[in-house]
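Shared between the two complexes below is chain A, which pairs with chain B and chain C, respectively.
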Partner chain A sequence: MNRLDFHPVLVRLPYLLGGVWITILIAALAFGLGLSLAVLLVVVRFENRGVWRRMSRGYSTALTNTPQLSQIFAVFYCLPLMGVMVSPFLSVVIGMTLNAAAYLADILGAGMSRVPSVYHEVALTLGLNRRQTYLRVILPHVGRTMFPALANHFQIMILGSAMASIFGVEDLTGRAYDIGSTTFRILEVMLVTGALYAVLSFALAGIFMLCRRGLERMV
Partner chain B sequence: MIAFSHYDTSLLLQALLRTIILSVGGGLMGVAGAVILTALRLSGGKVLLPLRLLAVAYVQIIRRIPFIVTLYIVFFCTGMAGVDVSATVVAIGSIGLIAAAYLSEILHGGILTVPVEQVEAALTLDLPLWARWRYVIVPQAMSAVLPPAIGYLVLFIKDTALASQIGVVELSQAGVILSGRGLPSAQVFCAVLLLYFTISYPLTCLSRLLEKRIAVH
Partner chain C sequence: MKAIRTSLFLGFCAACSVLLPDNADARGSAVIRESGHINIGVEPGLPPLGEYDARNELAGYDIDIGRAIAAGLGVEPRFVTLSSSGRIPYLLAGKVDIVLGGLTRTPERAEVIAFSHPLYSEQFAIISPFERKIMSFGDLTSGAHQLVEVRGSTAVAYLREHAPKASMLLLDSYVDAIRALAQGRGDAMVDVIEYVGHYLPTQPQVQWRVIRGFAPPVGDDCIGLSPQDVTLRSDVDRLLEKMEANGRLEAIHRKWFDPGTDQRAP
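Then we have the complex of A and B:
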């Protein structure tokens, strides 16, 4: 059995750490875009009683029951066929956005159904129109009550963004794989990478806890 | 619409079978691992303290590492240790490792929902250990455990897609292969996504159904 040798990995640690930012960038971009799409989906779900509502529900069902990797593959292989040339980075962000929108719409939907009906009535009494009601009353409230679930999904997306490496994006896992193939110390580099993800995740959990306390103080 | 040839269809079906084997194998390993982890976490006494801490640390850390990294670690670990196993076994083992952590969280949480008075009453009735678990704790905990546990099985089915990265020809890899053969990508990936959907969706429905049933009680 070979002995573990971490030296070649530690020498390249700055390069590896640079991948952390790309990982965060992918997750944050896809989360932000996915959340915007999710807001649209969920408003349709609550405002429309016909075919649009069913389509919004169907979207979530379809995308939460198939693997994100296959969805990114579909985007990666099918967009060029439609004449849209995008970089691997963008394909991954698009694929993750579509996936995130499905989950986030379900989370927001759960929050919306728990908004007391008094909120709607009060907004109506104050003379707010539909748009103002959603933007100023309902969605901020849902954002606050559903913050833990949303934060949890962001953590899941940080882990999910590791799939970007499969498409040649230099995120944390992608860079780890690079180092592994140049130094032949792939096990060592993956152990370090796993530890980095764990540290990142604990750090984010801490930040989210502070945010949550801040939100609770606001109310 | 270009029809798939016999070879394309058989590749797709074999890949589907491989995906099912990975999911079922990983899920079963996960259940076994979760029971052991939870037993350790609930155990008392000073002798087992190091093991208890280890179980808690394992559950906390493994859930914070991307599955693909876990998969690589297990894959290259077995390689370095000179253990000669197939990529499928490595994939099943890796899914088992993460499934054990997630399911242990659910199991542990579910057992804690059983009111303490119930256990105390069982102790007062002088029920032996196995009867306490068999007739008092497990039936009550199951209602809190089963719906999310089945929901997580869907997650593990989706995670099997990553096994393609260590050379297992499962459903998503079959899609890439067929696309490489020159079949229209849109149709290939539609077929792949549809097959995943047909195995995941019934489980999602089952999970939701159980949740509703329990809510009625």
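Then we have the complex of A and C:
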């Protein structure tokens, strides 16, 4: 076996670390936008019984049963066929947003179905309209109860954003491949990159744990 | 915290298993002959070097060279398909005994792997949609144009040295790069036209401009071998010399490349 040599990787560590911020940015943007879309989908699902409800469910079914990679691929290569040119970074964010919305809608939907009916009755008694009921009663409750699942999904998105490299985005994995193709030390690069993902994941787990404790104290 | 400690412990164990010596040592000629097969890394997305034919079987220049090497060693060829960026990692990890796939000999690569005698030399060309109005390599050095390149290819290293201001979108395969270029994600691509040219007809809506001769031949295309074992390298070189002498190398080259543009190394 060839001796491992981390020096060529370590001298390029600042460049590699720059990819960490791009990774976080991709995941954060896609999660934030996906959560907004998911709220819309789940409200439609609970407030309508007709075609809109079926469309909302159909959206989740379609996007949770197809690979995220093919969804990003469709955005990256199919939109230009329709005359819409978006950058590789934006293509990945849009693709991941569409995918995240489907999963997050299912997570929020599970939380919504567990909201006690008394919450709705109290909101009605207080004279809150539907919008106020959702914004002040139901969604905060769902956010608290489903926080662990939402946090888990964000961590999955951090790790899943590695596929951005396939579309030329210089995220953590993209920069790792770049260094690997220059130094030919792909094993060393991937060991360091894996360690960076692990550090990032553990840090996020710690932050989410603190957030969860804060939320529990608020109740 | 317990979960994190457990994860760290498992990560440490995994790292140890990687760092400890394992069975990834290069196989020499004797081991290969004894096993009865040789693992040959080829790139199936790089015609005419490698592609899947109408019967969905591997075919191309590299396949014929691989078969000839295997026959010369008296063993069965086992082809392992890989991408440009995977050629050297596969070789270093012992996943393949020799690797082809348009592997150009460069000083940087020679520090980590060994090369056989050259098979042929290759030269870069600029490929761009006609309306981009790119007329020379000088147009690319200003940094005003976006290039689309394949990660791990020699062209990337060449451009970083000769056009450092050029912005590059790096994709994983030639088919993706040509599609991205045709869709307007970039202005031009610099690569070996004998490889890229096969993909240009897949975008018939684009009128392509190909500019050759702006740079000398960038290097020799060779077979990559592990630097650890010299027996296989000397056997491969001996077989290539024999194929050169009896005209087999020439015949395989003419079969797959345009006979009018023979660029095989002297």
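We adopt the following convention: the second predicted complex is superposed on the first by the 219 of 219 C-alpha atoms of A that agree within 3 Å, B and C clash if a C-alpha of one lies under 4 Å from a C-alpha of the other, contacts with A are read in each partner's own complex, and residues count from 1 in each chain.
Keep this in mind: a residue touches a chain if its C-beta (ideal position, glycine included) is under 8 Å from a C-beta of that chain, and two chains touch if they have at least 3 such contacts.
Fair warning: this is a prediction, and the values are worked out from it, not measured in the lab.
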Touching partner for A:Asp178 - first (chain B), second (chain C), both, neither: second
Partner contacting more residues of chain A (chain B vs chain C): B
First (chain B), second (chain C), both or neither touched by A:Pro148: neither
Touching partner for A:Gly32 - first (chain B), second (chain C), both, neither: neither
Which superposed partner A:Leu187 touches (first chain B, second chain C, both, neither): both
Partner chain(s) touched by A:Ile166 [first = chain B, second = chain C, both, neither]: both
Partner chain(s) touched by A:Leu81 [first = chain B, second = chain C, both, neither]: both
First (chain B), second (chain C), both or neither touched by A:Ala198: both
Partner chain in contact with A:Gly58 - chain B first, chain C second, else both or neither: neither
Residues of chain A at both interfaces, chain B in one complex, chain C in the other: 1-2, 77, 81, 166, 186-187, 191, 198, 202
Sites on chain C touched by chain A in the complex: 4, 7, 11, 15, 18-19, 21-22, 24-25, 85, 88-89, 92-94, 108-109, 112-113, 151-152, 156-157, 169-172, 179-180, 183-185, 228
Residues of chain B touching chain A in the complex: 61, 64-70, 72-73, 76-77, 79-82, 154, 157-162, 164-165, 171-172, 175-176, 179, 184-186, 189-190, 192-193, 196-197, 200-201, 204
Residue numbers on chain A that touch chain C, as the complex places them: 1-2, 4, 77, 80-81, 85, 88, 166-168, 174, 177-178, 180-182, 184-187, 191, 195, 198, 202, 205
Chain B-touching residues of chain A, taken from the complex the two chains share: 1-2, 61-62, 64-71, 73-74, 77-78, 81, 155, 159-163, 165-166, 173, 176, 186-187, 190-191, 193-194, 197-198, 201-202
